[in-house]
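Shared between the two complexes below is subunit A, which has subunit B as its partner in the first and subunit C in the second.
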Partner chain A sequence: MKFLKRTDLDCFLTAAAEHRTIYVPIDEEPNKSAYRRYKPRTPVSQGLKTTRSAKDFFFPQTENLVGFRIEDKKIKILDPRTEHEDFAVFGVRACDARSFGILDKVFLSEPVDTYYQNRRAHGLILTMTCRRPAETCFCTAFGIDPASPEGDIVFTETADGWYIEPKTEGGRDFLAPLEEFLEERDEGGAEEAKARTRETMEKLPLAGLKTDSFGGGKTKELFDRPEWASLSEACIGCGTCTFVCPTCQCYDIRDYDTGREVRRFRCWDSCMYSDFTKMAGGNPRLTQKERFRQRFMHKLVYFPENNGGEFGCVGCGRCLASCPIHMNIVKVMKTLSEGQDEQ
Partner chain B sequence: MNSETLIPHAVVVEDVRIDTPDVKTFRVLTREGEKPFDHLPGQCAMISIPGVGEGMFSITSSPTNRAYMEFSIKKCGHLTNWLHMLEPGMEVTVRGPYGRPFPVEEDLLGKDLLFIAGGIGLAPLRAVINYVRDNRENYGDVQIIYGARSKDDLVDYAEILDEWQTSPGVEVDLTIDREQAGWAGHVGFVPNYVKELNPDRGKTVLVCGPPIMIKFTVAGLTELGFAPEQIWTTMELRMKCGIGKCGRCNIGAKYVCKDGPVFRYDELGELPDEY
Partner chain C sequence: MQEMMKNRAKALLADGTVSRVIGWRRGEFSYDVTPAVFETAEELERDFVFDAFCGANVSKYLIRESAKDGGRILAFLKPCDAFSFNQLLAEHRVRRENVYLIGIPCAGKADIDRIKKAGIDGVLGIAEDGEDFVVSTVYGEERVKQADVLAERCLACKSKRHPVYDELLGEEGEDLPDDVRFAGVAKLETMTAEERFDFWRSELSKCIRCNACRNVCPACTCENCVFDNPDSGISQKTAADPFEENMYHIIRAFHVAGRCTDCGECSRVCPEHIPLHLLNRKFIKDIDELYGTYRAGEDDGTKNPLTSYTEGDAEASVVRERGRA
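Right, the complex of A and B next:
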């Protein structure tokens, strides 16, 4: 099996960056990393995951949809779409890799979102196994194996480098000009590393998280549960969970007048915000309880109901780490599951 | 036409009709003078004024009208205030059509139809009423119960008087909320009027109006013995994309923009009460 030595990573990425733009996780401050465009000799983050998810690459926080110029009384429509450049994202973990499949179900279902499709068609995903999963990780609850992520090329991490397995045509093409940086190694090391990851996952505090109480068709059982009131009581509606979430995909569409033209753009929005569903005639989700319930019902019931049982959560744990009141999907799942056992 | 559904088309406002103190009906055409696109009754479209915003409105003209497309819009918020300032010759953008229509070529075929509307709720039903009038042989008797706050708030009163009331096999029952000089017709709220009129139980019902009016009307119909499977309504929630992706118009697992806006009442009964 092909192997990339840790000491050769910089040369490997530098050579790869000649063919397409490469994004890598960079430590910006302690425990805070972000994907940045790779530049030679930039140290790649050794951390487990970036503060924000990788969804920005395909579903950026803001994006122009269409422009308008008013000429005389006529509205001129300006289509801003151009072919996206080829790029690759290095170091994506199994959770984030799965999130793209979830976003695909939204954006690539008919009618296809061509903005998303364009980025997706030009982006390669270079995933990395999780050598040191964190206490906030629970991807296995949603059937994700952090030792065997999806993606175009899988990098299985060991102490001194990575075993490399291309999984798609795009992945093989990417590696073709980079063979000189790879060496051949017995794949026993890869299996050992994978086994260790799986072993670690089993010992983590959230390993036993159960999804049995959730899924499509559970609306009637869960919607009116009294626990929503106490679970949502402290929620300040900041929306941080939705912004760091790799699968949250709600968006707003707004107009901005630049003085020369009107730009209609979309930007991330949050079901946790009070005006998310507010109309001139009223608001169907009047208090934080309804908004909070919507977010979790969507991930745990509505999304699976519409998508063949697949949950809208990948267990990355970002919301556990970032919520200012320490509320999160794990607490919601445990509370609602326990309540059900008692019934 | 563009391949991206979020990119709209510019259309010309050809005519603005003042229906009531807060409702205007806008007739739109392409610059070439054609109807912007085909639709089915009950479907909606996104209308925008660039720089102001975009909103979902039901298409009030019937698909059988090949000449133009009309939207009846009540002034009640930021975008609609701007729309009410439009004058003939100005342009807006539209995209659509969106959503599930009333099943005019399926469930409604051959049925006696009862339309119940309150205020601006007539707008989506008007498309169906005129579709049925233009395909008269495919449907049974038509009864239209329509109410508004006052005589002046009845949308498109002229069409109701001159065309609907004179149509064969069409009965029109109008009501207003309070007594008014010059009004000799019925006075009272729509849900009560429906019960007074005691319509035949075999009719298929299409109801639209303010949420509270729909709730009381359906309660009254249920009391009279109508089954939820006989009642169709059309919903309205905040929308941005119109194609089930922006994530805000859901009731449970259903998106009003693509799974609705038209729902049969038993389908709504399956959804959480969050609308």
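Right, the complex of A and C next:
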């Protein structure tokens, strides 16, 4: 199997960056990283997860869709679109890799979102296995194997480098000009690394988290459960959990009047916000309890109901790490499942 | 401390002084506690926790809780939480008669991010052992000095004294000197305007506009924030333009100037670790320098210098006189 030595990573990425833009996780401070455009000799983060997910590459926080300007009494339409550049994202974990499939179900079904579609078509996903999962990780609950991520090329990490397996045509093309940086190694090392990851997953505190109480068709059982009141009581209705989440997919479209032109842009929205369901006829979700319930019902019941049973969460644990009051999907699942056993 | 608090809470529930208790509920990994309202001794016994990770300021919840009928609610307040509460009281946002306050001493709260920064992950449990935390993890046992993982706001604590309470548990503390608290601002002041501009542009560019800083802030209690109100003309979730986006922080800092008690919640909750306290502390330091020392939340009688006029007030020309500092 092909192998990239840790010491050769910089040359490998530098050469790759000649063919397309490469984004890598960079440490902003210890244990906090963000994806940045790769520049030669910048150290790539060794951390497990970026604070923001990788969904930004396909579904950015804010993007200009179209602009309008009045010129000579005519409306001129401005095209700000830029999503046609080839790029690759390096170091994506299995959870985030799976999230793209979930977003695809939303953005690529009719009517297709062409902004998203273009970015997907131009982006390669270079995934990496997890050597040091965190206590907040529970991807395995959703059938994700962190030792065997999806993606165009899988990098299986060991102490001194990565075993490399291209999984798609795009992945093979990407590697073709980079062969000189790779060496041939017996694949036993890769198997060993994968086995270690799987062993660690079993020792994590959230190993064995059950999803049986959730899924399509559970709306009736779960919607009116009294526990929603206490689960949501401390929620401050920020959108942190939704914005760090790789699968949260809601957005708002607004016009920004610059004085000279109007820019129509879209930006992430959050079901945790009070105006999320505001419409001409009023607002059906009047308190934080209803908004809070929406987020978890969507991930655990409505999304699977509409998508052949697939859950809308990948267990990345970001909402566990970032919620200001430490309320999250795991606590919701445990509380509601417990109540169910008692019933 | 936890046992003392629990017992006191049970006693006050039993004798009818209060009908509810706001505190912190146990989590999954020992550091992830959640503010919660307890109504019975059994609930308290099962889930009430108080330890180094119970940093969340519960004062803001008292706006909602004190508006409810059905008896008083007991709240345990750290000194900084008591300053927040007092400020809310001054602004008539809480109903004092519906709250019973117990002031609790505070030696500083731990910041789990600082533990993780020390390279510790896979946390299974955290125990206090003398001056250390012993952290058991999937990867083995680790030790850190508690003093090394204190939250930023605790390193810069302004006072160990409670400006308001009904009773105190433990010893009352004293005010602390301000120099540590303002060191970060002083450093920013020595930068050139361009350096400072770049510093803030780079920090604020990380913002995901989750609004956690605003929603957690005990000074941000507007029924309808300007940023949520479509009629305000500046309502936004994120702006189309990144510079416009930065204005959110500047506007918010102006809105809470003179009312911010420096409780540190904004910086605590920011998922992007943006040092928001530096913005607010700059205002506090400027107010101190231009109008004389003023502490929001100190006493519900004193006047906020920004909303009261005296003849000696700084003139608008102060901006020019102080140069671009």
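Definition applied: the second predicted complex is superposed on the first by the 327 of 343 C-alpha atoms of A that agree within 3 Å, B and C clash if a C-alpha of one lies under 4 Å from a C-alpha of the other, contacts with A are read in each partner's own complex, and residues count from 1 in each chain.
Quick note on the criterion: a residue touches a chain if its C-beta (ideal position, glycine included) is under 8 Å from a C-beta of that chain, and two chains touch if they have at least 3 such contacts.
Keep in mind the model is a prediction, meaning the values are calculated, not measured.
**Q** Between subunit B and subunit C, whom does A:96 touch in the aligned arrangement: first, second, both, or neither?
**A** neither
**Q** Look at A:269 in the shared chain and tell me whether it touches subunit B only, subunit C only, both, or neither; answer first, second, both or neither.
**A** Both partners.
**Q** For A:66, select first, second, both or neither according to whether it touches subunit B, subunit C, the two together, or no partner.
**A** first
**Q** Have a look at where A:238 lands relative to subunit B and subunit C in the superposition and call it first, second, both or neither.
**A** Touch status of A:238: second partner only.
**Q** Quick check for you: in the superposed arrangement, does A:107 touch first (subunit B), second (subunit C), both or neither?
**A** first
**Q** Quick one: classify A:327 as touching subunit B (first), subunit C (second), both or neither.
**A** second
**Q** So, does A:252 touch the first partner subunit B, the second partner subunit C, both, or neither?
**A** It touches subunit B and subunit C both.
**Q** Overlap of the subunit B and subunit C footprints on subunit A, residue-wise?
**A** 252, 254, 269
**Q** Please give the residue numbers of subunit A that touch subunit B in the complex, ascending.
**A** 65-66, 68, 70, 73-77, 79, 81, 106-107, 111, 113-115, 216, 219, 223-224, 249-255, 257, 262, 264, 266, 269, 271, 276-282, 284-285, 290, 294, 297-298, 301-302, 305-306
**Q** State the interface residues of subunit C toward subunit A in the complex, per the touch definition above.
**A** 27-29, 32-37, 56, 60-61, 113, 116-119, 121-124, 137-139, 206, 208-212, 214-216, 228, 230, 236-241, 244-245, 268-269, 271-273
**Q** Taking the touch rule as given, give the residues of subunit A at its contact with subunit C in the complex, in rising order.
**A** So the residues of subunit A touching subunit C come out as 28-32, 34, 48, 51-52, 61-62, 64, 132-136, 200, 203-206, 230, 233-234, 236-240, 242-244, 252, 254, 256, 258, 263, 265, 267-270, 273-275, 320, 322, 324-327, 330-331, 334.
**Q** In the complex formed with subunit A, which residues of subunit B make contact?
**A** 2-10, 31, 48, 50-54, 76-78, 80, 89-93, 210-211, 236-238, 240-241, 243, 245-253, 271-272, 274-275
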